[in-house]
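Look at the two complexes coming up: chain A is in both, with chain B in one and chain C in the other.
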Partner chain A sequence: MEILLSALTGLLYAGGVFLILRRSILKFIIGIIFLSNATNLLVFLSAGIVHGKPAFLDGVESDSGKLADPLPQALVLTAIVIGFGIVIFTLALKYKFFITTSTNDLDQLKNTDV
Partner chain B sequence: MILILILYLVLALALFLIPKKLSKGIPFPLAFMQLVFFVFFISQLSLVETEKARIISIEWIPYLGLNLEFTLDGLSMIFVLLITFIGFLVFIYAQVYMKSYAGTTRFYFYLLLFSGSMLGLVLSTNFIQLFIFWELTSVLSFLLISFFNEKEKARKAAFQSLFVTGFGGLCLFVAVLLIGSIVDSYMFSDWLDKAHVIKSDPRYLPALIFVLIGIFTKSAQFPFHFWLPWAMQAPTPVSAYLHSATMVKAGVFLLARLYPVLGGTIEWDYIVTFIGALTMLVGSYLSITQVDFKLVLAYTTISALGILTMLFGIDTKLSVKAALVFLFVHAFYKAALFMLAGYISKQTGTRLIPKLGGLMKFTPWGFVIALISLLSMAGIPPMLGFIGKELIYEAKFDSPWMSSILIFLGVTSNVFMVAVSFLLLSKVFLGQSKTSIKSHNTKYKLLLFSPGILAFLSLGLGIFPDMLTPIIEPALNVIHSGNFQIKLKLWHGFNQILLLSMITALLGLLLFIILNRYKSVIKVWNRINSQIFSISFTNVFFKGLDRFISFSGKNTRLIQHGYNRYYIITIILYTSLLLILQLYLTRGWEIGLTFNLKPFYISGLAVVIAMSVFFSVFSKNIIFTISAMAVTGYGISLIYLYYSAVDLAITQIIVETLMVVMFVLVLQGLPKFASLSSRMAKIRDGVISLVFGTIMTIVTLKAITVDFNTSISGYFVDYSYLKAYGKNVVNVILVDFRALDTLGEITVLSIAALGVYSLLNKRK
Partner chain C sequence: MTLIALPILLPFMLIIVLVFIRSTFYAKIIGVIGSALLFLVSVYLLILVSHNEMLVLQVGGWEAPYGISLVVDYLSSLMLLAASFIVFAVSIYAYRFVKAKRGFSMFFIFFFALTMGVNGAFISGDVFNLYVWFEVMMLSSFVLITMGAKKEQLEGGIKYLTLNLIASLLFLAGLGLLYGKTGTLNMAHLAQILNNDQQSILMNTSAMLFFIAFGIKTAIFPLFFWLPASYHTANITVTSLFAGILTKVGVYTLIRFFTLFFVQNGYFWHNLLLISAGFTMVIGGMAASIQYDTRRILSYHIISQIGYMIMGLGIYTPLAIAGAIFFTIHNMVAKTNTFLIMGIIKKIKGTFYLKDLGGLFKEKPFLAILFVISAFALAGIPPLSGFFAKFILIKAGIEDKHYLIIAVAVLTSMLTLYSMIKIWNQAFLRVQPSKTKVDERVKVAVFDYLPSALLALGSLMLGILAAQFFDLTLLAAKQLLDPGIYVEAVLNTMK
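Up next is the complex of A and B:
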């Protein structure tokens, strides 16, 4: 299963890179989303995947060996939220940019003056 | 001593507090202050004679062993006296001269700061501190040259001088660090103690060369001399003060200061003497054909600085003595002549010699001053200049090596000097008057006060030269550590030196007569000059600068082209390359995993996600793209859910939903996708992204087999319930073990939210 998921990660990366190389700003933002999803998946996979054993404790005693690794999950959780913040902010920026300059083209961003 | 330096700084800053109405009267009190300091330092003369040196040391950076150290000894005394005395005269002169210009407060601010930093420079015996003052004088020189900053020529000249002296300053700094690394100290006293260690160190030669570059740029030695004539764009008081009497002598001062440390070796002797002699000759030779009064003076200044440098290279007691005397000689006559030039240009409106003439009738006093100063420059008795020249000839006779060559060069250069002196005298003051003096303005009369005093000194000290001995003796004793008695006399008796002087004067006179009678000679001369000196240093300088700027401009445009996607392509390609390299170098290609498709519903999910990625990338419709993007996001959350990451799944679903909502909100105001890229670009980007995707697949596969340090995770699992009383370990990590990280995350989100709010806020 890991090999298939790795390939999926690679595909997400490829799609993300292709999109951030576009001149359309909206595609660029979607590219960012793909890239952040891909990276989350990479970190998540790198810890090793365990089926059906979430890191929940049921009492005083613990058996850490059998549970899924909680640390990468905590990292990825943070990354998802931060990524969300970035995308939302970029989206708002793009919106304002379009309102101001009425262009959708990244190449128009070369000049600092309107 | 330190109090005086602080006073300079405070007063300079205080100048800006003076109301506009009173600002015309600024320079007189300042001039008076300089006079007071001069008298104060004169009163310290006896102290320097008996105590050798007075050192004031203040802790600066104690754990580096750096102290601020100010030393008043014989050598610094000479310069201190020159700086305060000429400063006094220059401020009086400037009172009248600068009256008609705007921004005089700024001018006096610079000038006063310059006086202060120049004093600091000559009093410093910590070399780091000396370097700071050294650079300060360069910067202030730049500001003063560009005082008339509406003139392009002035700005160019100022820039050029800053560039040259700044370059020299950096070289000096390198040298200071080099020598500092040899003796592990920046104090002059330590350098002096370990002079023999320094001289035998392999770092000596580079250090010496860097020091000398610093000195030569500051003192306008060949081939760095070209900035000085340009610096004549400065107001005349500045030319008289900085560019003849004080700042350009800072290099000479440093030569004298470092002589006991670095001097006395073959390298020192040859380089310093050779460059000095060359500068002496070039300066005086070029001065003859100049037509601008101030430029003539500038070139003769270069020549004089060459003489001073050469004398320190000859490296005998006699030569150092001659140099110290000549320091005064030159300061007196040159400053006087500069001030006179300023006076003449004020009165007649021009500084061009061909346009002047017959001024004797209009300003008899000016003529007297010029006569005395020019005779001093030519080295005719009974002026101080005569004594100076005699001593220089004597030093050359006494030179341990190349004596005859030096004498030949010296005589040639002095012949030019004599001729130039007579030329100036006859063309400006004698003969037909070509310009009418504008209104015979009496208010400029005061301009003659300062040069008058200097001329008086040139004459008076020439007749009573012994007045200078108490100043020169201690300095000589500092440079050539020892106890010498010297005597200065106007009349040396008949000897070969006097004979040489007479020959010089006669030849000079002859040259003058030839030049004066046959105008064509000058023309021919000019033509020859333009052949020899077809490469103008200044042109080379500015051309080189232009080349450099256009070169770096091209480079910058190549690298910083402003196209976002090319930056990204560069980053992606390099990252890919590095990753491949890293994988190749540190890991093998085999993967310890077997391929299977169980469980099938996850495999199916992966296929769905892959398809939606493709669809999202290639769809032309914006709504479809976003929907497909949402499908990938939800799909990934299902993967999380299956592989024991419940919290991740929940978060991913919430985030994905919010994102889609946001997209749809924003989309209302946006147009359709624009198809902007060409087909070729798409293919290129496709290849790049496939390469990167492949590499990232391999990286992911490799990452799965890497063994993490599990003890951290184990710790969290073990203590999550015991210490934090939470059963969901991931949550406990976020809100308890790493709570501060989460706080940071919340802050980031809040800032993003604020940004979004202010961006989408309709009100402007």
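Up next is the complex of A and C:
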């Protein structure tokens, strides 16, 4: 399972990098979503996956090897929520930008550079 | 020590209050009073730190390596003090310079959200918590930078958002890997584990991810390109606030991480920091000297000066770190003030372009004095604050035999002086070019000068009281270079 998810992480990173280098702003935003999900998976995998074990046991002393580590899951939940917020802001920004300039082309964004 | 949480709680409460305030007038009043309170809190925290060395709060009563710790040491409290000073000045400035369409409370909500994120980042003792504060800071800065919804603001906003987003993702990836390797994200616990670890080479993947993430946020070479492409598009009040605070949070985290727990492989990291510092200084300085929009000159200057702070961290002696902290705080005050003055000039002359400006020395002598104080503080003319900051850094460099970076730093000083003199000559000394139309009806009230005068006074005081202030920064540096103090203060509180 871990190998599969690691490969998926790599795939998502590759796809994300490919998409944020595209000219279309919408594809660029999809790329951001890919990258952010790849990172979430990476954090999720960081402590390893313990199969079929609970994170907490009530009143039962148990050695930690038999328990799933709840912390990365908590971290990932927070990161997913933050990621949602950012994607929504990005979409709103893209919408406003499209209304103002009627372009979806990142190559048109050269006016504030040198 | 619940008081430690106040720099976070106070802005949060202000946000809640401001949500219900519709009246522009009351929003302004609450904004100014709130930031004044915040300033008082940070003064009080600094006094507490000078009595107790280090203040620790375990949030929610969870024991140290498991819960979130808030830690205030000398570095944190000095940064808090400088940031809240700037927040106070900018909140007064916003009173006159922000034209908000849907009421003023909207502006102040995001203003205080940004402040909350910045303060949280300064006092957090947990890497993931730091990430969350960075996100709070980033999201509110996205809103602030695109506030006017003009074409170039949206464009600058997209560039700003993209690179900062990628930085955040790298930060998250770095902390994920760090957790995988050490099983903790509490900074003190990390320091305890990593400082006794022989296989420290394994840390380099995480350290590099953090370095790139904070490098983007701090705008060091070669990761700075988002800054000059976006900062000048925002409302000048927002730009001043960002210039003063945002990149310095990155500097703070770099100092914190690379003194507390990424202390292995010192040779490699310090050289990397020194090399990027050198390039940051020179390229920022040179790019500034070819610009004619005052906001862009000053934006490139932010980058150039970041180099000095990173240089202090790269030299890595108590004196150098003290110099870096001194420089950071001096720079926050002086840099914000130059931006505020450009806003006043824009109000008087209607433009930011040097080619259309002139004659301000005769028309507004007081403004000229304010500009001279902060611009020459930036350039490092004695007896202003920048001179002492650069002097400490250069002395530290010579003591530690880093002659090349010292040469670069001194030459960059010349570039800074050149740009400042360029603004001075074109905007203040020479006669107003006849083609510029000046709107005579615009009146600048004394009130507009107040925040700028406050910051100029700050620069002056930093110069006059340099010895006392240097002692504080040296205490901060000594505390930083002995991670044992931090570890003991945080982890021993569980007994």
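We adopt the following convention: the second predicted complex is superposed on the first by the 100 of 114 C-alpha atoms of A that agree within 3 Å, B and C clash if a C-alpha of one lies under 4 Å from a C-alpha of the other, contacts with A are read in each partner's own complex, and residues count from 1 in each chain.
One rule holds in what follows: contacts are C-beta pairs under 8 Å (C-beta built on N, C-alpha and C of every residue); 3 or more make two chains touch, one makes a residue touch a chain.
Being a predicted model, the structure only gives us computed values, none of them experimental.
Novice: Who touches more of chain A, chain B or chain C?
Specialist: When the residues of chain A touched by each partner are counted, B comes out ahead.
Novice: Which partner does A:Thr101 reach: the first (chain B), the second (chain C), both, or neither?
Specialist: second
Novice: Can A:Gly10 be said to touch chain B (first), chain C (second), both, or neither?
Specialist: first
Novice: Quick check for you: in the superposed arrangement, does A:Leu67 touch first (chain B), second (chain C), both or neither?
Specialist: First partner only.
Novice: Counting only touches as set out at the top, which of chain B and chain C does A:Ile32 meet: first, second, both, neither?
Specialist: So A:Ile32 only meets chain C here.
Novice: Which partner does A:Ser46 contact after superposing on A: first (chain B), second (chain C), both, neither?
Specialist: The answer is both, since A:Ser46 touches chain B and chain C.
Novice: Regarding the shared-chain residue A:Phe89, is it in contact with chain B (first), chain C (second), both, or neither?
Specialist: both
Novice: Which residues form the common part of the chain A surface touched by chain B and by chain C?
Specialist: On chain A, the residues that contact chain B in one structure and chain C in the other are 20, 28, 40, 42, 44-48, 71, 78, 82, 85-86, 89, 93-94, 96, 109.
Novice: Quick one: which bits of chain C touch chain A in the complex? Just the residue numbers, please.
Specialist: Residues 128, 131-132, 135, 139, 142-143, 146, 149-152, 154-159, 161-162, 165-166, 168-169, 172-173, 175-177, 179-180, 183, 185, 228-230, 232-233, 287 of chain C touch chain A in their complex.
Novice: Contact residues on chain A for chain C in the complex?
Specialist: Residues 20, 25, 28, 32, 35-36, 39-40, 42-48, 71-72, 75, 78-79, 82, 85-86, 89-90, 93-94, 96-97, 100-101, 109, 111-114 of chain A touch chain C in their complex.
Novice: Looking at the complex, which residues from chain A come into contact with chain B?
Specialist: Contact set of chain A toward chain B: 1-24, 26-28, 30, 33-34, 37-38, 40-42, 44-60, 62, 64, 67-71, 73-74, 76-78, 80-89, 91-96, 98-99, 104-107, 109-110.
Novice: Name, in rising order, each residue of chain B that touches chain A in their complex.
Specialist: 562-565, 568-569, 572, 591, 593, 595-599, 602-603, 606, 609-610, 613-614, 616-617, 622, 625-626, 629, 632-633, 636, 639-640, 642-648, 651-652, 655, 658-659, 662-663, 666, 669-671, 673-674, 676-677, 685-686, 688-690, 692-701, 703-704, 706, 708, 710, 712-714, 716-718, 720-722, 727-730, 733-734, 738, 741-742, 745, 748-749, 752-753, 755-756, 759-760
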